[in-house]
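Chain IDs A, B and C follow the sequence of writing; residue 1 opens each chain.
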Amino acid sequence: MLSYILRRLAATIPTLLIVSLFIFSLLYIGGGDPAAMLAGGEASAVEVEKIRETLGLNDPYLSRYMDWLTAALQGDLGQSLYSQKPVTELILQRVEPTAMLTVTTMIVVLVLSIPLGILAAWQAGRATDRAVMIFAVVGFSVPIFVVAYVGIYFFSVQWRLLPVQGYTSPFEDFPDFLGHMVLPSLALGLTLSALVARITRASMLEVLSQHYIRTARAKGLGDRPMLLRHALKNAAVPIVTVIGLAVATLIGGVVVTETVFAIPGVGRLTVDAILRRDFPVIQGVLLVFSFVYVLVNLAVDLSYSLFDPRIRYR
Amino acid sequence: MTDTANPPVPATPGRLRVMLRRHPTILWGSGILGLVLLLAVLAPVAFTADPRQVFPLDRLKPPTGAHWFGTDMLGRDIYSRTVYGARISLIVGFSVAACSVAAGLAIGLVAGSNRWADAVLMRILDGVMSIPAVLLAIALMAVSGAGIGNVILALTVAETPGVARLVRGVVLSLREQPFIEAAVASGSRYGSILLRHMLPNTVAPLLVQGTYVCAAAMLLEAVLSFIGAGTPPDVPSWGNMMAEGRAYFAIAPQIILFPGLLLSLTVLAVNLIGDGLRDALDPRLARQH
Amino acid sequence: MTDTAPLLSVRNLQTRFRTDGGEVHAVDGVSFDIRPGQTVALVGESGCGKSVTSLSIMRLLPARAARIAGGEILLNGENLATATEQRMRRVRGNDISMIFQEPMTSLNPVLTIGRQIAETLELHEGLTRREAGEKAIHLLASVQIPEPKRRAAEYPHELSGGMRQRVMIAIAIACSPKLLIADEPTTALDVTIQAQILDLLADLKERTNMAMLFITHDLGVVAEIADHVVVMYAGRKIEEAPVADLYARPRHPYTAGLFGALPVLGSSAGGQTDRLNEIPGSVPSLRSPASHCTFAPRCPRSTDLCRAEVPPLAGQGAGHLAACFHPEPDQKGGTA
């Protein structure tokens, strides 16, 4: 098992190299002089030259990439053009709110989508099923900020039940943290729940038509143990796969959600960096998020053996 | 043999009618999308004012007879802006769908046909797909600057790998089919096999995938514009309008509400078409509905 | 013969499937009895309604596609056709259990063998997890699985098809059911494994006095295991008899055709065989109750009468019934 994990980790290296090369090359994709572009239209020649110097833009392309990558591997993602602070430090300062938002959102998604998906598959073709499917397609179509603003309008502005914006650390004031997290994680979780509920339903339907489900019923098992003990575990692999892939949507959603709710996380950092054309920060954030995404999907691959004993890693 | 292997493509009006009756979501989706499309095309004559015209005395007005959807913080007519915004959303959605389907088809066919090209292309696609689509598009927009063309380009880059993988999968699975092997054995050139057998079989899945790409692109365009990395600020796109409305949300929710609703409705329509097409064209999946 | 009360009595069973073209009468007025300890074989081509009959008894028909439209399924006098789902859960796996044709796919791939057996015991006998686990190992031993303790911890994919069918049997007999329904339990297995499974079933029957409804299209198997045979065609019972009597004197031309005693219209040849003759065309599926003999189109003995009326079941000797206007003559001389 351990050697399998190590080999799978090794197999992600080429992917991550390509990701890093791509992210590094972004500056040059636009064409023209990156230093001038970063400095903006009104910059003087001296300023442009200074940026060129800071970023080492005078060196050959590949050697610049190697330098950048080596530094990145050592945890040095360069310096922000705006605040002159190390990018790594900027990201680390912002990790907590983003991590918390991700966790609360995932809880919302799991609590909402999997029961709904099971319910729909169990009631396939009936009104409950239709309602869940309508929720799934609507939830998947409504953008996060629409859900977010409707939520803010009613819960925060009209009824004053929840704080409008901002973030409190759970380590300082837990109830306040929860209050701040309700709307963001619901807004962000709705889209993902729609996706996961849909795949849960499809996967459960597939499983429910299998012979071993008939066997379970022939034993005299009720619906509940049949669905939860016999069917769900068999349906799990496609579900966790989609959850893993949905992390991409989640990361994209974090950027929007943190903007709407003024949560000082990595997503907000990204948006600020774009508005300030702070390219080292953009590259750093991209690299970190992509790395997390690849690792999550590796973890998903490895989790398959928990659900299905036929999948063995050697 | 070829006939049985090809997925059912509606060829006659009669079959189309049967398909629509069995999958009413296509009809619903097309109806809503058709209305939005009509509104967008007829924007100049659809009782709109100039979307950029400022009425300084009518700022932040709720919906009235003069301004159906109210006015924004500069006193611009939200109804007019929303109708013109539909143009941007539809142009971006359709363009990204068309471009990424074309690019994905080309890459997928090459990858599915040549093992060396496959190894290289798949590595690259894996890499690109490891970057969450929103972030990839954001980064591309950051280097290329605001503009509708750049939005389309950035979203095409983000959406193409998925399409390419799909096409590659279809080609690879078809290569194992007896009728392709027979064509190879009978000496058909690979190019003609690609055109005659492979291409038609990619039509159905591409149609479905293209629809989903269109819906995703509309959402992503709004996201990009919303965070200030999409269409230029002076363009009345739905994302821009919602971004502008943020500060006034508590007193004038209509600035965000109407473009948000229209966007949701349009994306919903496209997704409904996609779901219906998928069920109609893929009998294996349809069975589960 | 008729001195003991029947354990299971199926009376005029009507099972229908909803399809795009209307309702199909998959089982149309089938009746038969099973007495304690007796083995009844239900015989017919695929599509004749024999599996639907067994699923009707278990009430395991797909809920939205099929319904029991009429008749009674009496288990010790209790009508299962109208029993609540709650009641059926107590019956399934406890009073009546079932093994299926597909040993490779009938066990849950993500649960251990031991768990899948123990589950039934926990459910119906109220055993604790540990007690049930121990009894599961005994059950594995009783279906002649070597190293039962090790096997109990394994997953289905680690076992061969024959082994899996033994596990299915262990699950089925766990709560000492009064009736075991075996739906083509040996069809998917190798010939040598088939024989072992049949021996095991015969052995279990002898030890437990459990009744069995054995569904098959294999007449060789029928001769080996059954006491009494019911022959079905197109959803109807067309003949039933004690096994020896049926083999000696098949009365319905269809049954006779199955035995290859005479050529069936459209079949290749007579020829002695213990398998069903291949009869071209499929069993007709009925959109409405039969208005004539459904076998008439393929029957060498059919007359205008056969095409106008449904032949009633008529006595052909002790316990022998056949639904035919022109039954095969008694070749050995004796009559009813």
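Assume a contact is a pair of C-beta atoms (placed from the backbone, for glycine too) under 8 Å apart; a residue touches a chain by one contact, two chains touch by 3 or more.
The UniProt protein names, listed by chain, are A, B = ABC transporter permease; C = ABC transporter ATP-binding protein.
Keep in mind that what you see is a predicted model, and the values were worked out from it rather than measured.
Chemist: Which two chains are joined by the greatest number of C-beta pairs in contact?
Modeler: Chains A-B share more contact pairs than any other pair.
Chemist: Measuring between Cα centroids, what's the chain most distant from chain A?
Modeler: Farthest by centroid: C.
Chemist: Report the inter-chain centroid distance for chain A and chain B in whole angstrom, where each centroid is the mean of the CA atoms.
Modeler: Each chain reduced to its C-alpha mean, chain A and chain B end up 21 Å apart.
Chemist: Roughly how many whole angstrom separate the Cα centroids of chain B and chain C?
Modeler: Chain centroid spacing, chain B to chain C, equals 55 Å.
Chemist: Report the inter-centroid distance (CA atoms only) between chain A and chain C in whole Å.
Modeler: So the centroids are 54 Å from each other.
Chemist: Quick one: in the complex, what on chain B touches chain A?
Modeler: Those in contact with chain A are residues 123-124, 126-128, 130-136, 138-145, 215, 219-220, 222-223, 226-229, 242, 246, 249-250, 253, 256-257, 260-261, 263-264, 267-268, 271-272, 275, 285, 288.
Chemist: Which part of chain A faces chain B closely enough to touch in the complex?
Modeler: Result: residues 14-19, 21-23, 26-27, 29-30, 37, 137-138, 140-146, 149-150, 152-153, 157, 164, 202, 205-206, 247-249, 251-253, 255-256, 259-260, 270-271, 273-275, 277, 279, 282-283, 285-286, 289-290, 293-294 of chain A touch chain B.
Chemist: Mind pulling up the chain C residues that touch chain A in the complex?
Modeler: Where chain C meets chain A, its residues are 58, 60, 64, 88-94, 97-98, 100, 102, 105-111, 119-120, 123-124, 155, 157, 168, 171.
Chemist: What part of chain A is in contact with chain C in the complex they form?
Modeler: The contact residues of chain A facing chain C are 124-125, 210-212, 214-222, 225, 229-230, 233-234, 307-310.
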